[in-house]
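One chain, chain A, links the two complexes that follow: it is found with chain B in the first and with chain C in the second.
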Partner chain A sequence: MTPGLLGGIALVAALIFSVIGLVVILLAHFLKDRRYVDSAKRISTLALLAGLVSYGSLTWAILINDFSVSYVAQSSSIENPLWVKLVTPWAALEGSILLWALIQTAYTWLVSLRVGKSLDTWRAPVALGTLFAIQVFFFALIVFVANPFGVVPNPPPDGQGTNPLLQNHWMMAVHPVFMYLGFVGLSVPFAYAMAAMVSKQYQGWIFETRWWTLVAWGFLTAGIYTGKWWSYEILGWGGYWAWDPVENASLIPWLFATAFLHTGQVQERNGLFKSWNFGFITLAFAATVFGTFLTRSGVIMSVHAFASGPVGAWFLVFLLSVLALGLGMLSRVSSEIKDAGEVKWKSREGALLGGALLFGTFAFVVVLGTIWPLVVEAFSGAEVSIGAPFFNQVSIPLGILMLLLMGIGPILPWRNTGAQVKRNITIMLVALGIGTLFGQVLGLTIGVSLTMGLFAYNLAAIWLMVSQGVRERSSSLGIPAGQALWELASSHRRRFGSHIVHFGIALAALTIAFSQTYRVTEQRTLNIGETWQTQGMEIRLLSVTAREEANRFAALAPIEVRSISREGWGSDGVYQTRLNFYPQMDAPLATPVVKYSLYNDFYFVLMQFDQERGQWATLKIIVTPLVLWLWVAGFIIAFGTIYILWPGAARVSRHQMTPTVGD
Partner chain B sequence: MKPKYVIALALVAGALLYLVLGGLGQNLVYFITPSEYFQQADRYQNRQVRLGGLVKEGSLDFSPKTLELRFVVSDGVKHVPVKSSGSTPPAMFGENRGVVVEGRFQGDTFVSQNLLVKHSETYTAPKDGWTPEQVRKLIEEAN
Partner chain C sequence: MTAGLRLLMLALFSLLLISPYFPNPGLAQPRPNTPPPDFPPRVYEIARELRCPACQGESTAESNAGVAVEMRRIIAEQLAQGKTEAEIRQFFVDRYGYWVLYEPPFRGYTLLVWLSPLIGMALVGFGLWRYQAAARARARTGVAGVSDEEIARLESELNLNPEQRKP
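What follows is the complex of A and B.
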């Protein structure tokens, strides 16, 4: 059997299993018979296996260069190195949707394992049914609209090759996977929310899905981060975020999911904000579909756009169904889930709601900015785009408000404020003032100074919360402070993890302010042997050569860099700037050389070279402060998320522990 | 909710709305062709626009030493001189090829800040006798 045939059969099998699963689980719901639930569980395993076989066949076809399979002929090549072949399944449209569907079957299967445990048999049919329905959509899309296993009657000797942007950096191998794990992961809390609304049990789902939501959020964060990193190290423009529609598409669900993570805690604690939670999770999941619609439909021009095709229209239909279903259910049950008590703004609940509203607002602004060109075009016919200045202009005040709330929120106690809180907030505000002043003394811009102040303010908040908790515990139990810290950190994983994540966010904000404000770009053409003094560096062009490589052709221009003043510290070394020429692309791809240092980050790009005699080369240098720390902040956020999720944390009951400050 | 909170919230919401709607209006970047520019030249003075067209044959002048790039963008009917300095033309850039430049008009010269050559892999050069509409379509498809 050929891989193409096996993959195609497995694909159809996965679709059939998904449809059967959906039918069976609907029977379970309407006939109230739990035997159907058990069958659906088994069917979800079969669907997962079929998905795995299908995905495996695609990988197999790519590995053995079977160009009779349409996807392989279009997106792979004999010359590709092994790692590129292994990531080729998600290098183009059809394969990436197959990976998406496979991940969906895995999530459905994982949820089916929870049936009878945390997911009771009354809610299981709706939760599983929602997931099966999503799965049916994806597999139907692959089978009928975007099938990777199309048969090529006369297989070409070699394929058209993989998108060179993907081959140019290993980060691209992980970025899409993280993205999909995050996007698809949000379907689980959405499914639980639907089940909660149908069964009218509005409270339990929030506990059961907090793990799922955080996992999805963590993957989404990692996906956005690897995307930024890739963009920085590959695209050669020295930035990591351009407010491109596709970047926005990943940010919107992240913002809604973040809002949900915050309001969800309030519902866990005292049952408030039920409708906010249903709303936010519906929007978060819908936003993942919206993002896919933007990327795959070609309605909005973007650097990431996949070839436009009929897929886009189906995603639009899917998006509208998700929104109609989620928000429709919400309006049906809204009278039953009105909040019983009132929320004081000056309390933890108030701050969490305020924060969530900011995230929600931010998300709506990003949606608006992303689709505004379509609106203008529809009404006036003029073709327009929305520049990055719009998003920067709006995100700066929103970001400042978020950083302010991020410090205050965790320090406020539930329900009301107290005397110690006022003292703490005074200390934090003093830190804010000192940080800002310090920035001004250093001669930084007002925006960057304010960010420094906010960083100090958040640091002070975390320090106050941790130190007061430790002091209380060590004095009441008579143990040393180190032991008290250790015990607190291991028993209150969620709280300490959130401190770590918040610290990472504050650090990221600081690095974004610095790097966006103080980036310097320069270009110059150098002859071989010529030196160029700029930005505290002395740059010398050593040679210009060409080299043939397996899957590409490269032009190399090694340079020697020596730092001559403080600005150039850390830039010393010999660097191979290069342009890669791929046969499937007319244009060469520059591979920037990035030299990180503790303060400035040096970025060297070969722009042009003397193609006739190899006498000169045009170089671009970009010097950006603190980019290294942006990536460090990413690792801190990931660490904080893993810290909360690490198994064992859930087993410690909250009630057995002594209360700590603000907890 | 106490009245003072309502007022505070309304203020914040109002400021945001002002920021968002004002920002949307100011930051609209129109995409135009040379013919469209000459129809309403005043309207596009001193604001950010994207000018799309083909690089006119024989108009390209680039010096790698000074990094000064000059060319003429044409849609087959009208022509606009473009000046760009301090950067290297992207690799796909060339005469008779589609280009989108982002920048501002200074008089009737377009000063480019950014050359966007987002190209389709299947590019075909326009033929003689094409109408501006066809050229425009070609440019849009090439982006």
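What follows is the complex of A and C.
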């Protein structure tokens, strides 16, 4: 059997299993018969297996260069190295939707394992039904609209090759996978929310999906981060975030999910904000579909448009159904959700709500800014652009408010404030003042100085919380401080993990302020042997050569760099700048050479070269401070998330948060 | 293949590839083998705010398309002539329309986008305020402390609700 045939059969099987699963689980719901739930569980396993076989066949076809399979003929090549072949399944539209569907079957299967445990048999049919319905959509889309296993009657000797942008960096191998794990992961809390609304049990789902939401959030964060990293190291413009519509589309679900992670805690604690949580999770999941719609439909021009195709309209339909279903259910049950209670603004709940306000506003701004050019064009015919300068400016006040709230929120106790809190806040404000002043003394801009202040302020908040908890515990139990810290950190993972994540966010904000403010770009043409002194460096062009490589041509211009002043520290070395020419690409691709140092990053790009005699080369240099620390911050955020999720921690108290010392 | 021949092939190859990137006949195509002018940092600061007319969502500072390269050259030229940033921007607006500015104008249709943080905050804030007011009113009068779900569970345990009996 050929891989194309096997993959196609498995694909149809996965669709059929998903449809059967949906039907069976609906029977379970309407007939209230538990046996149907058990069969649906088994069917979800079969769907996962069929998905795996289908995905495996695609990989197999790519590995053996079977160009009778349409996807392989269009998106692969004999010349590709092994690792590129292994990631080719998600390098183009059809394969990436197959990966998406496969991940969905895996999540459905994982949720089915929870039936009878955290997911009781009354709610399981709706939760699993929602997930099966999503799965049906994706498999139907692959089978009928974007089938990777189309038959090529006369197989070409070689495929058309993989998008070079994706071949240039290993980061591309993980970025889409993280993204999909995050996007698809949000379907699980959404499914639980639907189940909660149908079964009219509005409280329990918030505990049960805590873990799921954080997993999805963690993957989404990792996906956004790897995307930034790839953009920085590959696209060659010296930035990591361009406010491209598709980048925005990944940020929107992240913002809603973050809002939900925070307001969910208010519901956990005192049962408030039930309807808001339903709303946030619906919007978060809908935003993942919205993002896919933007990427795949080609309605908005973007660097990501490579994956566009005929599926856009279907995603729009899917998006509207998700919104109609989620918000429709919410409006149906909202009259029944009667939260009673009061939230004081000067309490943890109040700060969490403030967070919801800011995240909600930010999401609104990003959504509006992303779709507004389309709206303006539709109504007036005028073409406008809304890009990085706009988003950067509106993010500044929102970012400052978020950083202020991020420090204060965790330090406020639940329900009310106390005397110690006032002292703590005074200390934090002093840190804010000192940090800002320090920045001013260093001669930094006011915005960057303020971010330094806010970083110090958040650091002070975390220090105060940890040190006071440790002091109380060590004095009340008579144990050394180190032991008290260890015990607190291992018994209150959620709280300590959130400190770690918040620290990572504060550090990221600091690096973003520095790198966005002090990035310098310059371009100059050098003759061989000529030197160029700029930005604290002395750059010498050594030679200009061309080389033929397996799947591309390359022009190479090695340079030697010496640092001559403080600005250029860490730039020393010999670097191989290059331009790659791919046969399937319209324009040459400049892969920058990036030299990280503790302060400045040095970025060397070959722009043009003497094609006749190899006498000169045009170099672009970009110097950006602190980008290394942006990646460090990403690892800290990931570490904090894993710290919270690490098994053993989540299980300690599933239904009740143990009161923390100093909580 | 000798190095020279390879370079020649590359040259032909890149010429072939770059050519579709000159859709605007108003911009003269530079000879492929002349070095481009040097650009000081200011050029990129201005170029970053301008959209590349021939690319998919890239700024003039980032793109390597011919038009973007030419636009950077024009910026450098006009800076050297002592023109201000606003004048240079206006030059490109006259040529390509407001579409070329990544920062939308603070009026007309795009004024709303600039006000979106305020609008968003007002909308979400209003929702939160209304919710708070309702929840507070209910807390003063209603059955605070017992959630609907707890009541439902109690009812099903007391077997008052036959619908929810274990299937």
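Points to keep in mind about this one:
Operating definition for what follows: the second predicted complex is superposed on the first by the 648 of 663 C-alpha atoms of A that agree within 3 Å, B and C clash if a C-alpha of one lies under 4 Å from a C-alpha of the other, contacts with A are read in each partner's own complex, and residues count from 1 in each chain.
Methods note: a contact is a pair of C-beta atoms (placed from the backbone, for glycine too) under 8 Å apart; a residue touches a chain by one contact, two chains touch by 3 or more.
Not measured: the values here are computed from a predicted model.
Aligning the shared chain A places chain B and chain C in steric conflict. Residue contacts after overlaying the shared chain place A:361 against chain B and chain C alike. Judged by the touch definition given at the top, the superposed model places A:530 against neither chain B nor chain C. When the two structures are aligned on the shared chain, A:549 is found in touch with neither chain B nor chain C.
Judged by the number of chain A residues each one touches, C leads among chain B and chain C. Of the two partner chains placed around the shared chain by superposition, chain C is the only one that A:201 touches, whereas chain B remains out of contact. Of the two partner chains, both chain B and chain C are touched by A:607. In the superposition on chain A, contact is made by A:369 with both chain B and chain C.
Chain A residues 301, 303, 342, 361, 365, 368-369, 372, 376, 382-387, 389-390, 393-394, 397-398, 523-525, 585-588, 607-608, 610, 616, 618 lie at the interface with chain B in one structure and with chain C in the other. Contacts from chain B toward chain A in the complex involve residues 1, 5, 15-16, 19-20, 23-24, 26-32, 48, 50, 64-65, 67, 86-88, 90-92, 117-119, 121, 123, 143. Chain A contributes residues 32-34, 121-122, 200-204, 235-237, 239, 242, 244-245, 271-273, 275-276, 300-303, 305, 336-343, 353, 356-357, 360-365, 368-369, 372, 375-376, 379-380, 382-390, 393-394, 397-398, 520-525, 545-548, 553, 555, 581, 585-588, 590, 607-608, 610-614, 616, 618 to its touches with chain C in the complex. Across the complex, chain A is touched by residues 1, 3, 6-11, 13-14, 17-18, 20-21, 32-33, 35-41, 43-45, 48-49, 51, 56-59, 61-62, 64-65, 72, 97-105, 109-110, 112-114, 116-117, 119-121, 123-125, 128, 131-132, 134-136, 138-139, 142-144, 147-149, 152, 164, 166-167 of chain C.
On the side of chain A, the complex with chain B involves touching residues 301, 303, 342, 345, 361, 365, 368-369, 372, 376, 382-387, 389-390, 393-394, 397-398, 523-525, 579, 584-588, 607-608, 610, 616, 618, 620.
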